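This structure is in structure tokens; I'll ask about it shortly.
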Amino acid sequence: MDFSYTDEQELLIESIDEFVRRSMPDDLITRMYAEQSVPDELTRAYLEAGFALIGLPEEYGGVPCDRVTLGILTERFAHASGCLTPFLNNVLAVNDMIDFGNEEQIRLCLETYLEEGKPLFSLGFSEPGAGSDNASMSTVTRRQADGSFLLNGQKTWVTAGESLPNVLVAAKDEDPSPDNRSMSMWLVPRTTAGLSTSSLHKIGAEIMPFCEMFFDDVVLTEDMRVGVAGEGFKNLMKNYEMERCLIIAQCLGIAQAAMDDAAAYTGERETFGKPIISYQLIQQKLTDMEIALLNTRNLLYRTLWMIDTGQPVRIESALLKRYGAQACTQVASEALQIYGGLGFTTETRLGRIWKDCRGMEIAGGTNEIMVHIAGRQLARRYARK
Amino acid sequence: MEIIVALKVVLDDQDIALASDGSLDTSRAHQVASLYDLNALEAAVQLAALEEGSRVTVLTVGGPEIDDSKLRKNILARGADELIMLLDEAARDWGSFETARALAAMIAKRGTWDLVVCGDGSADRFAQQVDVQLAAALDTLVFDAVVAWEWAGAQDGRLSLKRKLEDCEQTLACTLPLVVSVMPDIATPRICGMKEILAAGKKPVSVLTAAELALDLADIEKSGGATRFELIETRAPARQKRAARMYEAASSEGLRVFCAEAAALIG
Amino acid sequence: MRSLIFARQADTAAELLAGARLLGASSATLVVIDQNPSAPDWAASLAAERLAHLALPEGAPLETALESILAFAEGEEAGLVLVEPSRSLKVLVGGLAARQASSLFCNVTHLRATGAGSYEAGVLYFGGLAEQRLALSGPVAFFCVGAGVFASETQEPVVLDAEVRAAECLELRWVEPRAERRGTARVVEERAIESSGTDLAQSEIVVGCGRGFRAREDLALATALADELGAGLACTRPLAETEGWFTHEQYLGVSGKTLRPRVYIGAGISGQMQHLIGINRAGAIIAVNRDRDAPIFAQCDLGIVGDLREVLPALSEALASGATDRG
């Protein structure tokens, strides 16, 4: 087993560190969370430094790379900056379009992405009554006599739904009942008549705001359909496993940043005339935090390596998501605890990191859903022969 | 335009530890491209982009330990077309005189050239003399402190240099070939993109020894004999012990006492 | 042993001349190169046995004067060549050294003769992280030496021997660069950089500004403090080279000036070695910085953790009221 980075991965890490040093000072990060947006200059700088192209196919101007390297990019970026960013979501969205869209849709999407570093659309998949349980989705399109379709329903937790110009909506074909597995994806301009949004107020990860989206007799035409009619459900499921890995890579990065801060602080902060690292209670915290980080990291890169080597990771990605999100939240929480009262203020970034990690116990599939995914599969895997 | 960049590989000073006796522990220090030489490389690559068919070749001279696959890729991911290294045990302790002779021999072996670009000074000794010595060996004019340049095109063949000297800003109209050293402000080193990093491994690298260059080291030593130098020791300078009385402006009392003590020191 | 001194200004020339004596030179020849038709008055009043002057023709960069000084310099048969750390002179004299199969040793922190034609020199290593001691020997040695180096050898300002005076000034003839030497250069424009007006080397108190000054407007706080104290105003490299808020002559550190004021007040200066090397011989160092981990606090006499926008006005005010109290 080889745990070392390649030359290329090490150089990538150096580039990330340099980018963050130059373009993401602490006060900018604070401002991005307060204003709930990433300035266009930063998005463009990210694009110009070439990071935005990593993981896209070569024929579209991208730089294809293995999943392990994609994980390293994601973890290191979060570690160096100590914050979440929408850049990862952007490239995932573009990849969705490349996987499912027609040539014209792909061209349009990439044109915008390679120009601005932003995807053309947000993703409208989840519904108030249907998160990971996509079959319960009730948003529906119904074909009209003139060949057009009427879209009705509601989406929620649409990340960047109020800032990106389009939304990629998943909707049942004709019949909203759970039995109907026929589903399609549609690229709908945000300004289309009948589409409205309502802001939601997050308690963390404010840098990536999300919103609710309502569709009231929104008229769709066939050319707005993305992918094959009826196959939307299959499409939806396709990228979940990679998404789970990259969510945890982000979590791991910011939790590591919290560890960096807290571990250094234990040598600086004194109580009763001694640095707090001299107390075993603090030593134990650091020890357990490091174990949690290492476990998450090992699980993350092993899962990514399995994807790279063509192995199924349905179970592993769920185990990683469940374990990693909780472990990272715990690391952030203990880092905050080490800082004591100071940790509970906005003077440090630990509160922010803790909230960001905590959100990841829900986003991309809750801790509980991960049990639902892995549990039955595990029983099958361990069944007596 | 054929542009040569002379780049020094040095220890990363962030990894150099100071022992309590003032000696230096370099055992954990990686070999890296000297910081200001990366500005020179970036400036050269940007200049080359103005003239179709231009090439940027990086030359470096040092002990065998400076050869490192990651370092090679790091240099080549920054827009250089080729890397030529002279690796020799003897080169480890060379001063600017010997280094420049070796660089001149490498340039002669390589073929035609128009411009040699050096950094403002190397991170270790910062003597700012390799450019000067190299120009003497190549029998060319040399100018330092270049902060900007303008290339009027191959037909014109003139390179306009803007220099920042101690008391004036000077603009020179030059014809090539020429040796220049550039100040860091001339160009900010790029952040290597993944595409360039991946491509770097496929670019040509050649490694030479002094023997292959027909570089007679004994001759260099002899001709360099006008001033011989030997390193006696390297150590951190003894620091004057200072009181370091610290106050916090967060407390108004701290600020008041600080001001009073400052006034006393100032007298 | 004869010596050759290359300098552009009276104070540096005087110090190099005195330094040459310390190193055992029996005579010194001062070479001044400028655009004036004759040697400047200050040069004639210095303690050199000989004075040589070269007038550059219009448009000729100083660096192209090698051919003009070569015959003269080699004819001097000097065993020691000292040059002040100016960009152009380092190139010119470096070229002269190369012609004699030697090289110019720069960033010299101390220098002493250990015998005839042999020296021990300290040179900066990694911007002052360490110092390398070198033993040098040969028929001729070239050193680039900054202000204060010889003074620190004697532990007191170097005193000039007033008795020696150049009898005459030798005017050197301009020689065009050899045709076979490749590349040409002509000065097409020269714009003087405005001087800050204060001579930092003479300032008893110096206020230094660092990266902690985020906006140019904030510099008024440092100016106000310097005015109150009659202090010189200086800066770190980025503020002169990158921001352009100060002139080059105001920048202290490895490639800038080295000072030894009685009191140095560093405001918003983190204390990188490259800067500290320029001030660490100050009598007292006072530091103001927001970051309690700033390295300068480990090397100051008095320090305060706080925003310079709060501390500097308070300090100015305290000093002003103190001055009033004393009447």
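By written order: A, B and C. Residues from 1 in each chain.
Keep this in mind: contacts are C-beta pairs under 8 Å (C-beta built on N, C-alpha and C of every residue); 3 or more make two chains touch, one makes a residue touch a chain.
Everything quoted here is computed from the prediction, not taken from an experiment.
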Inter-chain pair with the most contacting C-beta pairs: B-C
Most widely separated chain from subunit C, with each centre as the mean of CA atoms: A
Centre-most chain [mean C-alpha coordinates]: B
Approximate Å spacing (C-alpha centroids) for the pair subunit A, subunit C: 55
Intercentroid distance (Cα basis), subunit B paired with subunit A, Å: 42
Computed distance of Cα centres, subunit C from subunit B, in Å: 22
Touching two or more other chains - residues of subunit C: none
Residues of subunit A engaged with two or more neighbouring chains: none
Subunit B-facing residues of subunit A, complex: 7-8, 10-12, 14-15, 18-19, 22, 49-51, 53-54, 63, 65
Residue ranges of subunit B in contact with subunit C within the complex: 11, 13, 16, 18, 22, 24, 95-97, 100, 120-121, 123-129, 131-133, 135-145, 160-161, 163-179, 183-185, 223-237, 239-240, 242-250, 254-256, 258-263, 265-266
Subunit C residues touching subunit B - in the complex, by the definition given at the top: 61, 63-64, 86-88, 90-91, 94-95, 97-107, 109, 120, 123-142, 177, 180-193, 195, 205, 229, 241-242, 248-249, 254-255, 263, 265, 280-281, 284-286, 297-307, 310-311, 314-315, 318-319, 322
Touching residues (chain side subunit B, partner subunit A) in the complex: 69-70, 73-74, 77, 191-198, 200-201
